[in-house]
Structure formats: C-alpha cells, structure tokens
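Got a structure for you, written out below as structure tokens; questions coming shortly.
Each chain carries a letter (A, B, C, D and E) given by its place in the written order, and its residues are counted from 1.
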Amino acid sequence: MQRATANRLTPYMFMAPAVVIMVIALLYPLGYMVWGSFRDWDPSQTIGEAEFVGLKNYITLWHDPNFRESLGVTLSFAFFVVTFEMVIGVGLALLLDRNIRGMSVLRTLFILPMMIAPVVVGLMWRYMYHPTVGTFNRFFEAIGLPTVDWLGANALMSVIIADIWQWTPFIFILSLAALQSLPRSALEAARIDGATGWQQIIHIKLPLMMPVLIVTGLLRLIDAFKVLEVILVMTEGGPGLSTEILALRISRTATEFRELGVAAAMSNYLLILLLFITVMMFAFTRWQEMRANRLRAAVEEDE
Amino acid sequence: MATSYERQPPAFYALIAALVVMSVGPVLLMFVNSFKLDVDIISGTSGLIFLPTIQNYETALCDVLWYKPDHVDHCSLKFGNAFGNSLIIALVSTALTLVIGCMASYALVRFRFMGRDSVSLTTLMVRMVPPAVLLVPVFGLWNNEFCIGKTTYVGSLIRETFGGRGDVCLAGTHSGIILVYVAMNLPFVIWILQSFIVQVPRSLEEAARVDGAGPFQVFFKVVLPLIKPGLAAAAIFTFRIAWNEYLLASALSDRNTKTVPILIVNNMSEFNVEWGVIMATGMLLAIPPIIFTLFASRQIITGMTAGAVKG
Amino acid sequence: MAGTAFANPYADYEGTTLIVNFPAHPHYDAVMKILPEFTAETGIELEVDQLPYLKMRERQTLELGQDEGEYDLIAYVVFSKADYVFADQLENLAKYFMNPKLSDPGYDAGDLIDGYVYNIGFAGGDKGYLEGATGSLFGIPYGSETSVLGYRKDIFDKHGLKVPETYDELLEIACKIPELEPGMGGLSSRAASGHHAAHAFLLHLNPMGGAIFDDQWNPVVNNEAGVKAAEALKTIVDCGPEGATNFGFGEALGSFLNGDTAMFLDTTVVAGQIDDPSKSQVVGKVGWALHPMGVERASQTGGFGIGIPANAENKEAAFLLMQWLTSKKGDKLVAMAGGNPSRFSTHADEEVNAKYPHMATFGEALKHADPDWRPIIPVWGKINADLGTTLSKVLTEDLDIQEALDGVAERTKGVMTEAGYYTWN
Amino acid sequence: MPTIHLENLIKRYGDVEVLHGIELEMADNEFTVLVGPSGCGKSTTLRMIAGLEDVSEGEIYIGGKPVSRLEPKDRDLAMVFQDYALYPHMNVARNMSFALRLQKRPKAEIDQKVKAVAATLGLTDYLARKPGELSGGQRQRVAMGRALTRDAGTFLFDEPLSNLDAKLRGQMRAELALMSQRVQKNMIYVTHDQIEAMTLADRIVVMHGGYIQQQGTPEELFKRPVNKFVAGFLGMPPMNFLEGEIVERDTGVFVSGDGFDLQLGAEKAAAAKAHQNKEVILGVRPSDLTFDADASEQEALTLDVMVSEYVGAQSVLLCRCGPANVMVEVNSETPVALGQTLTFAVNPNGVHLFDRHSEVAI
Amino acid sequence: MPTIHLENLIKRYGDVEVLHGIELEMADNEFTVLVGPSGCGKSTTLRMIAGLEDVSEGEIYIGGKPVSRLEPKDRDLAMVFQDYALYPHMNVARNMSFALRLQKRPKAEIDQKVKAVAATLGLTDYLARKPGELSGGQRQRVAMGRALTRDAGTFLFDEPLSNLDAKLRGQMRAELALMSQRVQKNMIYVTHDQIEAMTLADRIVVMHGGYIQQQGTPEELFKRPVNKFVAGFLGMPPMNFLEGEIVERDTGVFVSGDGFDLQLGAEKAAAAKAHQNKEVILGVRPSDLTFDADASEQEALTLDVMVSEYVGAQSVLLCRCGPANVMVEVNSETPVALGQTLTFAVNPNGVHLFDRHSEVAI
C-alpha cells in the first residue's frame, strides 16, 4: 500500500528540485516585479517605500506612442528573426544529417557564432557595418556595388541579420539532435516506398521532428523578445526608435529613466503577449490532436 | 566498428564551404583584428597587410603573465581570476541544470499528475521574464532576503574566516550567480528534453521496471543514456548562456567573483573603445565554450535506439 | 603621541583598506597610475572597482540602496548628483572640512575650477541643483572636462584656413572641407540616437544662447536659439564624414583619429588618445582652440566628481583620499599622468604645459565653463532620451526641426508637470 | 512458487474494452500457455500480470495477495517482451546482466550466469555487440537471455521464439521444458505455435476476442474442444468443418449433409440423439481421415482432390466435399492426380459435432 | 518481371565479414525462399538487394542491369521488414497508402486498394489506429499490408508471418501463394517456418554462416540434401543421425554402427560401395521410420523409448539407439510405455548417408 503512495509521489520527487529552485530564483522575483509594476518605484528606493499607484503605469504606457512604436519594432524583429532562423537552421540540419568525415568539427564551426559573447558580437557587427571602414561596404566597393547605409536607413534589417547570424545555430543544433534520434527503420521503409530525399523530409523527418521544432521555435521566439546586449551595442535602439525593441526600452526605463515601476509594467505587457502566443500555440496543437481523434472515432464508428 | 562514411557530391561540399565562410567569417575577422593595433583596426586596413602584434593579448592577460609587458603601465584587467570564476560558475550551473532539468521533464512526460500542465506552462512563463527586470528584485533579494545574519553563529564564523562586512548574503558569491543561472536555464532544458524523452520507447522502461529497477534507476540507467543527443544540445546552450551572461552577473558578482563578460564590458568605456583588447578578450572568452561544444556535439550521434524494439 | 599625530594625520588609518568605485575613463586610468603613491605615502590600502560609467551608475544605484554599502569612495557622473543627494545617499562634506584632524589647511579650495565645483559638487542652491545661498557641498570635481575644438593644423595650413572663432565660421569651414579635401569630413560630431545626439545638441545650445528651461522650468528648447542649435548640428552632421548620422562617440572620435575629419568639437579627455600613436594617425597634427562662440562663449562642463556614500564604512579615510587626490599635489600628478586637472593652478603650471601644450587652451576654455548647460534633475534622464531620439529622427528621417523641438518641449512639459515642478504656479 | 490468480480481469483502452473479465487460476510451478488469434489480448493479459498495464477492473493475486497496486519490481517476475525491448546502449552481456547488477550481485556470479545462459542461447560470440548490430533472431535470444539470467518466481514469455528457426526453436523449447522441471517456477507463455503450445504446456488457455474460450491440458483441448473456435484453432492442418444435420435411422444415428452421410459411433450417437434433426456442424481433423479406397459409404468421405501441397514426408490435399473444403494428409509417395475422387475412412473417435448456431460442442 | 542475379555478394560490417560471396540467380517471377539458422545472413542479403545496406563487394543485377549504386526507390521493389518499421506518426491506413500517395495515384484508387488489402489482412477495424496502439501481430500485418498495396516488380519479405497465429498464418500463406500466381512478380521470402518454405517456394535457398548451402525445389532439398546441415535443417521433427560405417558383405552392402546394422537398398548400395569401410553418418527422417513389431533385423532399428511428447494426432517418441538419440512419430492411439523397446521399419528410400568428416552426402 505505502508502495502505491510512494508510486504516486514519484513524479513530485522528480519535479521537486526544479520547482524549488525556480520558485526561489524566478517566481519570487517575478512576483516582486508584478507587485512593483503597480508602484511608482525608483531604483534607489526599496519596494516597500515606493508609492502605490494602481494601474497608472499600465495606462500611461498604453498611451505612450514610443512604447507602441517599440512594441511594433519588437514584433517585426521577432517575426523575421524566428522565421529565417527556423528555415535556415532546419535546412542546415537536414543538410548535415549524414555521416561524413569531420562532422563534429563542422557542427562546431556552425555553432561558433553563438559562442561569442553578445557584447563582442555587437561590437564586431557594428564594426563590420561601419559606413566607410566597415567590412561590408569595403567589400561592396571592391566589387563595385553601391554601399549600404547599414545602421542608418536599414538599421532594423542590419540588426536582424546580425541576430540571425548569431542564433541560427540554436535551431540548427536542436533540429540536428532531433533528426539524429529519429527511428532509422521508418526512414528505410520510406526509401523502399520510393520516397525521394525531399519526400522523406516532408513526410517522415519533419513530422517526426515536429514536437522538437515547435518547442524550439517557441523558445527562440521568447528569446528573440529578450535580445538586449547586441542591439544595445550596435545601435542603442537608434536611429530614432527604429531598433529599440522592448527589452532594450525596458532596461533603459529601469536604468536611464529610473522608473522601475514602469519597466516592470512594460515587461508584464511583454509577458502577457508571450503568454498569449504560447497558449495559442498549444491550443492549436491540442486542437489538431482532438481533430485527429475525432476523425479516428468517426472511422471506427462506421466500421 | 568502423563507421563507413558516405561520399557526397562536390556541390554539397561547395555549399558547406560557403556556409562555413558565412558563419565563421566574422569570427575570423575578429580573430585577425585581435592581432592588430587599434589604429589599424579603426582605419579598417582590411586583409592581412599589417604587422601582427600580441600586445592586445598581453594586455588582456596582464595579470596572469609571468612578465610585465612594457606597454601596459598598470594592469586593470584581472583576467585570470575572472576566467576562473567563469569556469566554475558555467560548469557547475550547467551540470546542475541538466540533471535537475531532465528529471523534471521526465516527470512531465511520463507521469500524469496533479498540476502537470500548469507546472509546464509556468516554467515556460518564467523563461519570458527579461533579465533587465529581474535585475533589481534579484539584487534586492540576494542582498537582503537570502542572507545569514552576521550576528548568527554561522554568519559570524564566515565573516571571521573570510572577512568582508554586512550580513553573509548570496550576492557576490558563486552560488548566488549559479542559483540564478540554473533557474534561468531550467525552463529551456525542461522543454527541450521533453520532446526527446517522448521518443524513448516505453517498453524499454517497462523492461527495466520488470528487471527490478526503481523509478530513479529506470531514469538514470535507461532513459538518460538514450537522450544523449538532446542532453548534449541542451548542455551546449546552458553552458553558453551561463558563460556569456552579463547583466545578472554584473549585478550579483562583487569584485572577486566577476566573470569574463563583465571584464569585457567594463573594458569598453565609451570614451575609449579599446578594440584590440576587446577582440582579444572576446577570442579568449570564446575558447572554452568552443572546446565544450566540440566534445558535447560528439554526443549528437545517430541511431541511439537502434535495435531496441520492433515497431 | 600627539606629536606623531601631528606629524602624520594618516597614522590612525594606516592599514585600512578603502574600496573605491571609479569609472573606466581616461582620467581615471591616469588616476590608477598615481594611486600607489598615495598608499606609499599614507599606508592606506586601496581596492579600485572600475566600471564603464553607465554601468558604474547602475552599480551605484544598487549599492547605495543597501544599508551597508561596499564602497568607501565613489566617482559619480554629474547627473547622478541629483538622484544621490535627493535620496540622501551622499555625505555632506561640511563635517569633514570642519574636522581639524582631517582637513588640510593647505588645501586651497579657491583654486578649484569654480565652474566644475558648482556643476558637480554643489546641490541645494539655485534650481535645487546648483550653488547658491542654500547650497552645500557633496562632492569635489575630479576628472571633469570641458569642450574644446580640435583641428588639423596641417589641413588648415594647407588651405590657409583660419581657425573658427564663431559658429558661422565653424559651419562654413565644416562644409568647405569636404570640397577641399574629397573624402574628408568637416567636423565629426556624435549623432547616434539617444544621449549622443542630445549631447551634441546641447553642445551648441548654450553658445547659441538657448536653454532647456527658463527659470520657471518652462521648456524653451523650441525657441529660435534651440532651432539654430539643431540646425547647426544638422549642418555639421551633413558636412561630416560619411554615415555620421549614427556615429557614437567612439566612431566620431575614431574618424578624427583616423584622419577622416578635419575638426573635432567635444570633450577635452580625448587629448590623451590623439597623441597616442597606437590609437591615432594624427599625432602632432592637431591644434586646439576654444569652443567657438555663438551669441556667447559657453563651453560644456561635465565629467565626474568624487563623493563619500552615506553607507560607507571608512568615511574619514575616504575623505583623506579625496582630499589627497584633489590637492594641488595630487592634481598635478594626475595631470602629468595624462588626466585632466581640476585646478586653475595646474592648468597654468609650466611643467604640465611643457608636457601637454594644450593645457593652457583648456584652462582658458574653463573660464567660460557653463555649469548650467543642462538641468540636473531626476527626470532629466527621460527628457534627455526623448531629446536624443527626436533629434536622431531629425538627422536621419528629415523631421522638421521646429516641430520636432516643439514635440520635445510639449512632452517635457508633461514630464515636468508629472514630476510636480509646476506645483507653485 | 506462488499460485497466480486472475479475478475477473478487465482492460479498457480509452473506451475500447479489450479484455472482458478474465478468470484464471494457475497452480504452483505450472507451465501455462496462452494461445489465441492475433489481437485477442494475450500480451495485454501478460502485461497486466507483470504490472505494466494498470488493471481497469478486477484483481490479480500472486501467492494469495493482491498485487495490482504493486510496482513490477515488487512482483518478483521476469519477462520476455514480444518486441524485444533491449537496452540499445548496452551490449548483449550488459543487457542480460542488468537485473543482476541492479541486485548488486557479486561480479563473479553475474559473469558466470551470463556466460552460462549465453552458451545455451548460442550468443557467446555476440556478448560484446550492441543490439543494433544483431540479427532479428539474435535480438530475440538476447531478450530471452535477459529473463533466463534472473531467478524470479514467475516467468512471463511473450512469443519468445517467433523469430527463431525450427531447429533453434526445438532446442529452446527443450531448454524451457527442462528448466520448468528443474527450477520450480511459474511460467506463463504466449505463443502462436501449435507445437510449442502442445509440447510445453501443462495447461493451455485459448483466448479469443478478449474472452477465455477453454482451458485444460493439451490433450483435453485437442480431444474435446468445447466449441468450434477452439476445435478449429488447435491442430495443424486445421479441423475440417462440414454442415449437416442429425438424422436417426433404424440402422443408427447418422450425421448427413451435402456430399456425405456418416454413421456415428456409439457414445457420440447417444449424445447426438438429443439433437434430433438439429442443424449441426461436423468437424473432422485431417489426421482422422485415412486414405482407404475400399471403405464403406457410411464410415467414409468421398472427396474430389483440388490442390496438392507438398510438405516433406506428407502431402496435404485440398479437396471438396459438396460445398465445403476439406483438407487431408497423405504420404507423399501415394500417387495423386488433381480432379481425382478419393475415399477417406473417418476415424469414428475423431468425429466432432457442434451446434450450428451456438457453435458449442455437442 | 526482371530476373535478379546476385554476383559474388560480400558484406562486411567493420571487419566482420557476414556474407562470403553469395551467388544467386532468380528466374522471372519465381518465388524464392531463403531459409537458414538465425544470424546466417538472410536479412542482410535481402537488405542488400533492397539497397539498404551497401554492397562491400560483388554486384547485384536486376533485369540485367547493375543496381548496387542505385537508390532503393529506383529498384522498383516492395519490402516487409523483420522489425515492421512502421511510420509511428501515421495511422494504419496512411501507413499502407504511403507509397501510393507518393506516386500521386488518384485518391479513389488508393482508398479502394487499401480497403481491399486491409480486408484480406483483417485490419479493417484498425485503419484509423496508430501503430503504437496495435498488437504485435497486427503491426506485422500492417507491415505486410504496406508491401501488398504496392505493385512493385519485386517483393521482399523478411519473416512476414512470424508473429501470426497458425490459422492466420495459413490464410496469409494461401493469400501469398495465390498472389504469386496471379500477379507475375518476383518474390524473395525469408522465413523460419518449414511449412511456409515448403508450400510457397518455387525454389528454396538454404544459407548457413554466410554461405549458400544448397538451392533447389522443395522436393529436391527434402529428398536429396547435399550435406548433413541441409538434411538436418529441413523437416520437422528433424532427421535422425547415427554414426556408423559401410561394410560390404556377400549378402549386400550394409551400414552398421553401435545398435544397428542396416542393409542398403540397391542404388544407395551402388553409391555406398565407393566408400568401403569409410566412417559415415546414417540419416533417417522420423517419417521414414514406421512402427512395425515384426520387421527383420537388417531393415529396421530397435529403439528404447525415453520420452513421449504428445503433439495432437501424432506423438513424438524420443528414443535411444546405442549412443544416439532418435526421434520417431507414432499415432497417438498406439499405447507406448517409457523404457519399452520397439522396432521400427526403415523406408529404404529414406536412407541418407554422409561422409563423417566433410559431412557431404554420399
């Protein structure tokens, strides 16, 4: 009998350490932050001293055009970044999913960009984007192309490119790992069934990788909303607000404007947004499962 | 058994080469620059027409060098020390995160239990908090809540042995930073590993259970080895994040627990961007994670579960 | 006993270790070189925590918030003064200067550059953040700077150009250079979104006779002086080196060091780098002149001061260090080490001038230093940011200057109301 | 070793009920074989005994005490899985020794045990291989070996020999038979193979569609199947079924249908009488039909040969008798022409009768 | 349909050589069955033909042209895997229709085909299930179905029936036999089941340890095995082997050993003469030993019964003849006591002789 109870406790035993740590180190501060978002909170005050202002922070933000603008920037940034990285990353993984000599070296080469400290990456790209001495424009000049005003007119694009460069490896590695742990026999069967390389990818590999891909995309999305250092170093959000994504604005609000309350409120907006996306995603997958089941039921009906 | 390598069309290699150039190019540039004087870097003398100098590395490593390079008149960078901190923090936190993380995700995948979904969603949610916001509360908590009063026995003991003042707090200690990193990376690990654990054939676990393995034995002896690819991937990222994270580290570390990224940032006052030194430090900083990746990515191998079951 | 005490005021503090928080900044790099001397002389150990100044500010905000802080002495940026004093986190220096055991009679406070002192040290006087009847001293300027005009002697000689005295001349020459020297920019100024742009604008605002606020805290940036300043900035950037629109300080200076521009109008701290062959290609080719005048001469003042945190552990010792650093002796040492002195005497000192010919000019510039070139109030950060982004739009997206500034003024008004500056009228 | 008792065991997957109340009592160290068509619930039953599927309803008793809440490891049993379920990251040796290593047995003992089992399974050369590098049969043997190295109280086998060749199968069967006598253990064994079932079982349990059809000694089931399904399921080639009805004549009781008219032996007749003129199904095993040209009408079937299958010593003839197909075996030497009509004597004790509707034996 | 020709096929895994030069020629739409003990290389051969394992040496010709460099899809074949290899994410229907969908066949046709095949395999109720929710046998049937829905030029089966019960197996066998006649295709079929091999094969190929031992029609192999291995491998219960030697007496040629002294029939004698006094092995199938109390010394074996196994209609007796074990079959009715000594007449045409060293048939 007591075994049965032990049995029931197992999952909790497995969960416990993770839960404890996250509660201490994330949920608690998180609550702190949510609580703070209702106060007019200056970094040199402790939260206790800060004056309670209710929803004021949220409302002011809602009407603040700058906030909206950078929300827009954030969304488009996240969208492009994630889409491109998914496509390139998965593509690369599919390309490298074979055993050729020096594979692990190749992999490492491709992961390299991710391993450089963000600040340095930022500097590096800022350097390469430099209008005159920058690598790109020098190259363009060399081959007689018109130079591009990278961090000026096309700042957002430039930032996106840099981020893609740095974070595609993330998708790449995870999808590669997923690919490698697919059931080989199913793939053999597919080859016998006359599937071309493409068809194998579309009908077998991708569907079987889907769980990993969804999660990966989601995590990447979340991170895309949090990119900070690279952009900070590259453009400091400029020109104008054209690259001031929310994370950046949040940290500026916290440090430059010294309005922690507002910063907190801002990140709560961000949080809500992300939650919304996430829940939508799950809702969608769930819905698909349900549909599949219903179909199944239907079929088993008319048998 | 010797694996036979597939031969590939030249086009394939061409493509790969191109991609490699794209991804490695900037790093290469950075590498080259780290051997230039700032003056050459700024003037962007591209290509390799310059006389390489190790000055930058000397500056970066000035506190570990046995001799005193003449161009540095005082050694502002405590690289050696910081490097040590980074290593400890990154390794420990990665290890912890992986173990704890995959236990949790195993529970989430294999067991149905109260509040399962809410847990898994919460984990994701906490991942969404921008560090910029965590900064202030965490700093407050680490300095005030998570402390041993200096009056208490333990506290006073520590103070006597290690010196310092005020209560003994998480802030400024390795464990303080490690704790945050573990927490930060857990959601990621948990979520990634879930999708790998799902793919482990259940009947293997069943076999183990019949063979007399308890839940933990099943997990550590059967499941864990089979999700190596996932683990490796996860490890790479956790390590990478723990290694490069700047914001929280800068808030939680004191002068003796600084990590290398902090050094770098501190080194670039906007009045005087020391390009060379930063590049050099950047390169040095990149080496450990690269080595780590090299080893980890060997674990990402095909056919872990070959021959396990029919189906 | 007492005899020794007289002999050595530092005796009581021998062996104590001070933890000091300095910015990563050429001046303080110079300071680092002279600190060993202090330890040698006083037996007071030092541990320095050097941070880039924005980071330093964050760090301090967090540290000063604690009831027991780490730092005994901090260098702070001018605009932190308001916050720290307001939050009661800086020691009022009065009680130390009053303490005979501590204060050195030979310390000639009058010799300190008053512009700096008022700007950086004082609080509680006029407008709340300046000197004045109600004001008192919370810090001492250290590593403070002013704006001067650097120009390429060789270029100017080559084309027989005259060093600009007024803004009109400045702008004219700035735009003539690119024609004379193809590929070379006139004057390299920072312009990147954020505080770079704002700073560059303010650089021209006072000379043009403008200001952010009038005495009733009403925003007046959008008066025609303001517009003139903005136009000046725009002209400069347009005639500047390629891609100047998103230059930060780094690029701006970079292009000057690189010989891509003929003039550089900004802080004095760059002098050191310009003469460093490992960084610059224009060593010895640069001459210095006063910040050109518009309707008046008004060179910017800025940089750092040093003060004692309220939650410091060894305040007396900290004061001693502070006093030593800013004493005539210390000041000269720093100057020789390549820092920027904060005493008139040092600027005049021929030994210093021998080593750094430009010092005289700098000293001259300081006479025109304007302590109130921008308000030092808690909400400034926000206004500054807004100003910065808006100007950046002006420079990149050709937003009309007048309406841009009107916008700033309006939003500023909002902020100020919010912050309660109009409670009395 | 403990008795095992299944009490009204029910299993549902979602709302599909796949086991409808299994009642089963297995005596000490009895060798029980579960047979039944694919998908009838054999594996499920086995897995429930092992504790791998939870019990939807009913209870399992091992040695008298209810175990359906216990973890598998607390039920003291070893199992061979239908889909091998080998640990892909361990080589054969480690696969087989896993359980023992968990029990922290002394190294020497483990080695010796593994070696011994490997030898009997002919795996000695493969001990160092990973499952991925083995052939199907070799994998199955490893799975088998994993169970045999244990000395658990109960052994569960789910088609442990299905991938082995006749020869090897024969050997393993002998091995098992020996083992079940030597070590006194309970064995529950799922198989498809007639011969295996017949030779190994102390008792055979025939399942169909989630129900138990009949259980008993091989001989019982073979001689006295309780219904048409069991009769048809056991025996290779399968029993022949012919539709007919009981007619009583003064000469005796006959079962007659399209193409035959057969007199029943004494005691069958007695049983049949009750079913006067009822529609029945006549069942005769090929082995009860012997080629005999001069057998009399009412003790024989006359069949038209359609197909002749060569099966080594014997040939199987597929013939027609009226509307029905009938299989018979003849010695391969007997010359047979297709389309030829032959008479086969019916062994009177080999006659089975079933009610045509309930399909229950008469 | 194309002929298939394996030319000196060699396969190495690392440095383990598992196939040593397979030579095989298969005529148009011939039904070839590969049999052999577990691990002898059947699957490997099949997988090489399919193009799933690359050829270490030698060449494969399909319809005359070398294919060993071709992708599987370009070889126009369908295959059933020993380990099912179902697509875990597709339900049964989609699993079976995958190939057709790839070929962009019209929806209607696909449905109709799938339905048809599912019906013959008894999978109709499971079309919507995912493989994970199927029983072992059902999975195997799906694997089978996947091949059958194709109309490829060549069909490869790797033990497609090993998890099915006798009944179903019988049906499927019939199905296959029919199909192989109806659709004119090449079939290469790996099995362990004697009966399957015998009944389905146009030609049987016996493999052992990576070599082909013998190939030919079932009857050939059964009647004239070229060596002891083949003789012992085919036939259930297996052939009995007794060590003895050839002795020529004036009465005729005898093979005599410990416990027997048997006169050889005419043509065997002729063959045997050459091997005067050579050490040989006498092989007799149980089916060639018939219980006959009054058979004469030199045409019979006298055996002591040790074990009696009940196998339905027949019982198998395990007896001793001198040092050797001998299996015989008797009708279950014949009363037999253990330890009893019985005489069995030997069918003179059922006598096989092998050289004791080379084990080659004489």
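Convention: a residue touches a chain if its C-beta (ideal position, glycine included) is under 8 Å from a C-beta of that chain, and two chains touch if they have at least 3 such contacts.
These numbers were taken from a predicted model, which means no experiment stands behind them.
Engineer: Where each step is a move between two chains that touch, what is the least number of such steps from subunit A to subunit C?
Structural biologist: 1
Engineer: If we define chain centres by averaging CA atoms, which chain lands farthest from subunit D? Would you check?
Structural biologist: Centre of mass proxy via C-alpha means gives C as farthest from subunit D.
Engineer: Mind checking the centre-to-centre distance between subunit D and subunit E? Centres are C-alpha means, answer in whole Å.
Structural biologist: Using C-alpha averages as centres, the distance is 22 Å.
Engineer: In whole angstrom, what separates the CA-based centres of subunit B and subunit C?
Structural biologist: The answer is 38 Å.
Engineer: From the C-alpha centre of subunit B to that of subunit E, how far is it in Å?
Structural biologist: 59
Engineer: Touching at least two other chains at once: which residues of subunit E meet that condition?
Structural biologist: 13, 82-84, 86, 88, 136
Engineer: Which subunit C residues reach two or more other chains?
Structural biologist: Only 54, 58, 62, 65, 248, 258 qualify.
Engineer: What parts of subunit B, by residue number, touch at least two of the other chains?
Structural biologist: Where subunit B meets two or more other chains at a single residue, that happens at 1, 42-43, 136, 140, 265, 268, 273, 303-306, 309-311.
Engineer: Considering only the defined contacts, which subunit C positions touch subunit B in the complex?
Structural biologist: 19, 23-26, 29, 32-33, 47, 49-55, 58-59, 62, 65-66, 68, 70, 248-250, 253-254, 257-258, 267, 269-270, 273, 277-281, 313
Engineer: Considering only the defined contacts, which subunit B positions touch subunit D in the complex?
Structural biologist: 1, 201, 203-204, 206-214, 217, 221-222, 225-226, 303-311
Engineer: Would you tell me which residues of subunit D are touching subunit B in their complex?
Structural biologist: 47, 50-52, 71-73, 77-79, 81-89, 98-99, 102-103, 130-134, 139, 146, 150
Engineer: Hey, which residues of subunit E end up touching subunit D in the complex?
Structural biologist: Of all residues in subunit E, those touching subunit D are 13, 35-39, 43-44, 82-83, 133-138, 140-141, 158-159, 162-170, 192-195, 198-199, 218-219, 222, 232-238, 285, 287-288, 309-314.
Engineer: Could you list, by residue number, the parts of subunit A that touch subunit C in their complex?
Structural biologist: That would be residues 42-46, 66, 130-133, 149, 151-153, 155, 235-241, 244, 252, 255-259 of subunit A.
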